[in-house]
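If you scroll down you'll find the structure; I have some questions about it.
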Amino acid sequence: MTKGRLEAFSDGVIAIIITIMVLEMKVPHGADLAALRPLIPVFLSYILSYIYIGIYWNNHHHLLQAARHINGRILWANLHLLFWLSLVPFATGWMGENHFAATQVALYGIIMFFAALAYFILSRVLVAHHGLDSALATAIGKDFKGKVSLLFYALAILLSYVNSWFASSLYILVAIMWLIPDRRIERNIIP
Amino acid sequence: MTKGRLEAFSDGVIAIIITIMVLEMKVPHGADLAALRPLIPVFLSYILSYIYIGIYWNNHHHLLQAARHINGRILWANLHLLFWLSLVPFATGWMGENHFAATQVALYGIIMFFAALAYFILSRVLVAHHGLDSALATAIGKDFKGKVSLLFYALAILLSYVNSWFASSLYILVAIMWLIPDRRIERNIIP
Amino acid sequence: MTKGRLEAFSDGVIAIIITIMVLEMKVPHGADLAALRPLIPVFLSYILSYIYIGIYWNNHHHLLQAARHINGRILWANLHLLFWLSLVPFATGWMGENHFAATQVALYGIIMFFAALAYFILSRVLVAHHGLDSALATAIGKDFKGKVSLLFYALAILLSYVNSWFASSLYILVAIMWLIPDRRIERNIIP
Amino acid sequence: MTKGRLEAFSDGVIAIIITIMVLEMKVPHGADLAALRPLIPVFLSYILSYIYIGIYWNNHHHLLQAARHINGRILWANLHLLFWLSLVPFATGWMGENHFAATQVALYGIIMFFAALAYFILSRVLVAHHGLDSALATAIGKDFKGKVSLLFYALAILLSYVNSWFASSLYILVAIMWLIPDRRIERNIIP
């Protein structure tokens, strides 16, 4: 079955993305505890992005589990999603090194916005292939969380130059929203 | 079945190649938007190579799907293909950093040429193993796109010192040619 | 089955962690044997962490093998474990470069402590999902080694500023304890 | 079946090792062809190690294919093999950067020797678990090539300070010996 290889490839890319991010935390040359202080914002941005990538992996996992067949269009919609996720380590490192400054927070939001859009496109392409009355379409439903995420990312980008910490807290809010278990969906998707 | 591990290994290598390329976009030390400007050509070369690697993964996926059995010769033809693909991040980074200059564009073409040749060899070795009247042989067919790609790469190498931007646009053309869905093949290969 | 993808993703992350650690051993610029001398403590810390990650992979392997089904809570408990393991290369590199100095040995212990805690949580979440009378719960048993490890890590953290080499030897002791085959568990878990 | 995860993990590690090696070929800062000249020995050492890792993957693939069950001892023998292979990128980069000088060629041989030894141990542990009259034991046979490799590595280490190019050519010889298809084994192992 073709789906297995799509999942395996996505798993590989996501696993590497999540692990490459940690490389941005460069081993410090100093030997005392103070040498870790400049790494604190980098570490915080790492935690945030780790949770985001974890959420994407979780959602991707559930989405593909409900999928029955794959076509060329779905393969490319998936690669498109992985493209935006592959930029997350860059945006994370830049944001952490610059202590969540306005420009960096905005760029982080832009990449998160496009990743969320790519996920939305992937889910639409999957529904188009499986039919509006398929189990997959029912499982995706209205995708309320997905739409709220897009809105919050857009808001964060706009507000980043006003108050970058407020904008950053919007990213945390989106992450928390996804972490709260959504029993309805899990009941529908996980067999 | 032996095919599974060949696919898994190839997936792993391709996933790492695609993610390693993004490491060439080094997190800038500057904090303002202008710090991103020197990264623009690196980013463009990343997009180009991402699409190329995506195409290879797609084609590899379809090719192996039609394969029934594997032998030592096929394993090595596959490793040969992965060898040339493993050089893509290097060529991509060098081309991006030097703003698509002649030498870099030529080297990019050379590596793409050999990768395409390696793919051609892999498909021939697979056909030799499965027989000319196998489903796999029918699915590969005359491999028109593969031959055009080789021609365009050769052209781009020759023309890179004349006009490196024209040569680069040949690479974009090849990518677009592969992105256009080829319904005939998909109908034949995807079950 | 959903378990397969959880295992594949964990395998990917663990494989990358184990291989990224080796990157901390930077290729020296000197050409003589003496150029390798400063790498000796880095190499020793690499061996220690390699064994630790190997133990985690082994235990993870056995734990998941006994698992029958997966839910969202288990996915996140697993991601939580991988988070702490992803910090091991950083702690390893810093400890090696600073010749097992107090601060670095303490940080190593802290990360190992939280990784062990995360593993403990994962096993509890799995038991909660499978039931206290499941084969999985029987296989995990009282988890004596897990509790001793937590104790030893805590001890090593406390003692690192007293004698960092003694604290380091506690890490070696924990590793040896896990390497000694535990026939009872293997008989129970491996079918 | 437990074997699948052992293979998947090994595939992951080997895929990363093979791709990490290419990172030793740093993108040069110069823009002309001459900037590539210092990379030539690095490139040659990359090709050599790529082929070696390819051979190991091939052999590992065949070995595990003949295996029926796995135990803790086999898991560790496998991790031991991967440990030595994980040092190959380091040895390769150092050898390439120093133009195949004596010390570097000797170190390369030492790591190759221990990798070959680890492979030998893995095959013995597998035979011990499957029985001397198992299909696996028959397939491994007398392991003539494995023994010759060990001998050649030892020779190369001893001769590296006499003539490092001669020692290097012994590595090439071993690689060629493994590349020559061994129809007898393939007939026995591949079903």
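A, B, C and D label the chains in the order they appear, each numbered from 1.
Note that in this section contacts are C-beta pairs under 8 Å (C-beta built on N, C-alpha and C of every residue); 3 or more make two chains touch, one makes a residue touch a chain.
This structure is a prediction, so every number in the text was calculated from the model and none was measured.
**Student:** Can you name the chain that lies farthest from chain C, using the mean of each chain's Cα atoms as its centre?
**Tutor:** So the farthest one, by centre of C-alpha atoms, is B.
**Student:** Mind checking chain B against chain D and telling me if their interface is mostly the same residue numbers on each side, over half, or mostly different?
**Tutor:** At the contact between chain B and chain D, which are copies of one sequence, the residues are largely different (under half shared).
**Student:** Considering chain A as a copy of chain B, what rotation angle in degrees (nearest 5) results from a C-alpha superposition of the former onto the latter?
**Tutor:** 90
**Student:** So the centre of each chain is just the mean of its C-alpha atoms; given that, what is the distance between chain B and chain D in Å?
**Tutor:** The computed centroid separation for chain B versus chain D comes out at 26 Å.
**Student:** Would you mind pulling out the distance in Å between where the CA atoms of chain A average out and where those of chain D do?
**Tutor:** The separation of the two C-alpha centroids amounts to 37 Å.
**Student:** Give the residues of chain A touching no fewer than two other chains, as numbers and ranges.
**Tutor:** Residues 8, 12, 15-16 of chain A each touch two or more of the other chains.
**Student:** Okay, in this complex, where on chain A does chain C touch?
**Tutor:** 7-8, 11-12, 14-16, 18-19, 22-23, 25, 27-29, 31-33, 36, 47, 50, 54, 57-58, 61, 65, 179, 181, 186, 190
**Student:** Would you mind writing out the residues of chain D in touch with chain C in their complex?
**Tutor:** Where chain D meets chain C, its residues are 2, 5, 8-9, 12-13, 15-17, 20, 24, 70-73, 75-76, 79, 82-83, 86-87, 89-90, 93-94, 97-98, 101, 103-104, 107.
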